[in-house]
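Here come two complexes built around subunit A, the first alongside subunit B, the second alongside subunit C.
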Partner chain A sequence: MPIQINHLSFTYDKGLVYEKEALKDITMTISDQGIIGIIGHSGSGKSTLIQHFNGLILPQKKNTILVDGTDLYKTEGSLSWLRKKVGLVFQYPENQLFEETVEKELAFGPKNLGIPEKDISSLIRHSLELVGLQPNEYLHRSPFTLSGGEKRKIAIADILAMNPSYLVLDEPTAGLDPVARKELLENILQIQKQQNMTVVIVSHDMEEVASVSEYVYVMSESEIKVQGPTLDVFSQYNTLRELLLDVPEPIQILSTLQKVDPEVCIRHVDVQGTTKEILSFLERKRGHCGV
Partner chain B sequence: MEFKKSISIGQYIPTNSFVHKLDPRFKMMFLLTFIISVFFIHTVQGYLLLLAYMLLSVVATKISIHHFVRALKPIIFLLIFTTVLQLFFTKTGPVLVDWWVFKITLDGVYQSVFIFLRLILLVFASSLLTLTSTPMELTASLEYVLHPFKYLGLPVSEISMMITIALRFVPTIMEETDRLMKAQTARGVDFEKGSLMKRIANLIPIIVPLFISALRRADELAIAMEARSFQVGKPRTHLHVLVFHRKDYVFLILSLLYVITISYFF
Partner chain C sequence: MNFIRFDHVTYQYPEAEDAIFALRDVSFDIQPGQFVAIVGANSSGKTTLGRLCNMLLTPTEGSVVVAGMDTAQADYLYPIRSKVGMIFQNPDNQIVSTTVEEEIAFGLENLQIPSPEIKRRVSTIVQEMDLESLRDRPPHLLSGGQKQLLCIASVLAMEPSCIVFDEPTSLLDPISRKLVLQQIHKLHKKGMTVLYITHIMEEILMADQLLILKKGEIVFEGNPIDAFSFDDATLYDYHLYPPQLIQIMNRLHESGVKTPKGMVTTKQLTDYLCQYK
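Right, the complex of A and B next:
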């Protein structure tokens, strides 16, 4: 069952001087599986959008957002079922750590959701393994003694410990060094495969989104401007440039080559695939010019 | 978000009215006189005259009256409580209503209107200052008003620097609190339900990270200030120097005359 969003609009501080329209007529479907990317500059409305997914912001109209068939407009009672279903990792999530040990930190979410004590310990261990940290080594350490990258992973494990069906990450690699960044992205890919869950990555970094996601939404000025399978979106070079977004370098190179030789195919964002494509382009050229 | 709306510190609303352009020191001194006169006046008629002045000023600010009314929200309980108390517990004067245990007298009605107006005047007057002056203007004028105490050994510029910094970080920390509340809500905390003990315990996941970041921020700010040659006890200059203009004098004198005359006669 997906998260369905139909013509969702949202205005902050309605009726006041500071009134600000953050979302304009958003329609999208977050389906059951895979990794979905949402790209946009800061202030484009992406954070407001994802806070709708787990009911931190409730919709202002009926039937605009349905999570597994339940309309979030005027939901009655506790929303903890929704918080469990949709795990939302905020930007710089390491700032939310507060417990004395990693173990207590990770147990916080499941306890709040009323998961029985006996199940919690295995959930914690599993989620630590998912983010690539050895449970025995980390469980009894204080989260404040860890490195930046490790803290980030603990914060993501915090959410994974609640065993969500959807994992939404807001700028997961912001402020990390290149090594930690690459590691984390690989981790996210693995988590998606192992847990068979839906992962939504929100970022302003095209390269990052391109390297992991299968489907991409591009947001600008509170609207979705472009959407589609990742490579289709990135091949719309000029549209993205108009939105002042950077296209990943491999795609920039290939689309320049495509203008010379229509046989060049844009189907890779990684270095290896791009190299192959360039080599075959050169091969064709050589035959052509008789060099 | 609700949390953010309930705090009215630094709720500066820019419009192009002349009230905004008046010298903040004038507005601050006038506010002080106004508040003192509110406690001097002891008739409803006097209050109505002050209210007329107040409403005229509100119109002059070009700010919607809703913002002034909203400032009453935090004291709404006090407002209702004191008004009702005055209404039912004043026993002097001719009786208007006498039903069961309730007995309302003319003096009671008078008293409750009086108290009601007093609270409204105080809130409106302070909102008039905070809605039309930026926090920076306010601290600059505070430094000016406290200026004479410098000779008594009071570190006036340091105090005003502290207030400036505190005010500067109110929105930042509020934003951070909002973010943390959301982040912990995403981890299953329900801030609106549970027993009193549970709710107090729920604050720990907010307060601990908030303190950690506040201390880190203080450290960074101290280094940044030192990098820009800030030294405690050394005199400093200001980018924006406040200057009294003729219109400031005119408004100050006219307004003070009005308020003081009312306080004298009513």
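Right, the complex of A and C next:
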């Protein structure tokens, strides 16, 4: 079952001087599996949107958000079922670490959700393994002695320990060094496959979104402006430029070459594919000169 | 004269386990007006290095001298802090006031600067930083980029001659990032000494000088463009990851297309390819 969003709008501080419309008529389906990217500038509404996914912000109208069939409008009682189903990892999640040891840190969420004590230990071990950290090596360390990349992974494992069906990551690699960043992205790809879960990545790093997601939503001025399979979206060079978004470097290079040679295909976001495309461009050019 | 001099500086956090050194025997000089980028893996000592520059930390061994003042001497705290400003990764960590204007005035009030002077400086700075229209806004209603500009404005109000930026753009989207980078560039042009800590490889290219840190030691000091000509193993070892553009050029090189050294933009590459024979 998906997260279904129908014509969702949201206004902050309604009726006040600083009233701000953060979402305008958003319709999207976060389906059962795979990795979905949401890109857009700061202030485009991305964070407001994802906070709707787990009920941190509740919809202002009926039938605008259905999580696995349940309408979130004026839901009665506790939302812990929703928090368990949709795991949300904020920007800089390591700022929220607070326990003395990694083990206690990871146990905090499941305990709060009332998961029986006897199951918690295996959940914790499993979630540490998922983020690529050896349980025996990390369980008894203080989270504050870890490196930035490790802390980030612990914070993600925190959420995985609650065994969510959806994992929503807000700028997961911001502030990590390039190697830690690459590692984390590979981890996320693996987690998605192993757990068969849906992962939503919110980012303004085009290269990052291009490298992992299968489907992309582009937000601007509180609306979804473009959506589609990743390569379809990124090859809309001009539209993205109009939205003042940076385009991944391979597409920048290939679309310039395409102006000279219409045969150049711009549907590449990786180094290998782009190099090949450039080499065939040069090949054709040489052939042309020869004639 | 050097503006900042690190002389065999070693730093160990008091609570650190197993005698891990955040910095080990680091020496370098920064000239007035220089733009120095500092890169390296997470926990390689970049932030420690930045904090030693304005006495948030003082060395365990060796000395840090800022504008002729040794940071080991407690009396120099105020003069050094007013010379060297600091901008952190997350602007929310350093914003305390309820409006943009008050935030800029906050540091000045602490320094007991007379109010007419505070008013004058605030007015000049909101204009310089394009924050005029946001003067009365509560900072929590600003975008990430605007918040970061506000932090820079608040530091500028104290008229420092050097600013240490600790990954100022890692939270920002590309547009806000450009805005902040433009302002930093402008400050540098006006003679500000800039220490710029970053993970974003493209940003390194703005600097005159690059320092690469690994496990608390300086492993490279030189021209930023040269750093990308290391082989893959060295780059990985330094936790650097060449931008896609550089990787593409390396692949082209392997296939016999000898792109000239020193190209750093996609435009330079496409211009070259279009003329390639």
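In this section, the second predicted complex is superposed on the first by the 290 of 291 C-alpha atoms of A that agree within 3 Å, B and C clash if a C-alpha of one lies under 4 Å from a C-alpha of the other, contacts with A are read in each partner's own complex, and residues count from 1 in each chain.
Everything that follows uses one rule, which is that a residue touches a chain if its C-beta (ideal position, glycine included) is under 8 Å from a C-beta of that chain, and two chains touch if they have at least 3 such contacts.
Model, not experiment: these values are computed from the prediction.
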| item | value |
| --- | --- |
| Joint occupancy of subunit A by subunit B and subunit C, clash or fit | clash |
| Subunit A residues touched - subunit C or subunit B, whichever exceeds | C |
| Which superposed partner A:Asn6 touches (first subunit B, second subunit C, both, neither) | neither |
| Contacts of A:Gln96 with subunit B and subunit C, given as first, second, both or neither | first |
| Partner chain in contact with A:Ile159 - subunit B first, subunit C second, else both or neither | first |
| Touched partner set for A:Gly109, first subunit B, second subunit C, both or neither | first |
| Touched partner set for A:His41, first subunit B, second subunit C, both or neither | second |
| Partner chain in contact with A:Ser80 - subunit B first, subunit C second, else both or neither | first |
| Touched partner set for A:Leu257, first subunit B, second subunit C, both or neither | second |
| Common ground on subunit A, meaning residues reached by subunit C in one complex and by subunit B in the other | none |
| Of all residues in subunit C, those that touch subunit A in their complex | 17, 40-43, 89-90, 141, 143-145, 167, 170-176, 199, 201, 236, 239-241, 243-245, 247-248, 251-252, 255, 257, 266-267, 269-270, 273-274, 276-277 |
| Residues on subunit B engaged by subunit A in the complex (per definition of touch) | 1, 13, 64, 67, 179-180, 182-190, 193, 204-205, 208-209, 212-213 |
| Subunit A to subunit B touching residues, read off their complex | 12, 17, 51, 54, 56, 78, 80, 83-84, 87-90, 93, 95-98, 108-113, 144, 158-159, 162 |
| Residues of subunit A defined as touching subunit C within the complex | 18, 20, 40-43, 91-92, 145, 147-149, 171, 174-182, 204, 206-207, 244-246, 248-250, 252-253, 256-257, 260, 271-272, 274-275, 278-279, 281-282, 285-286, 289 |
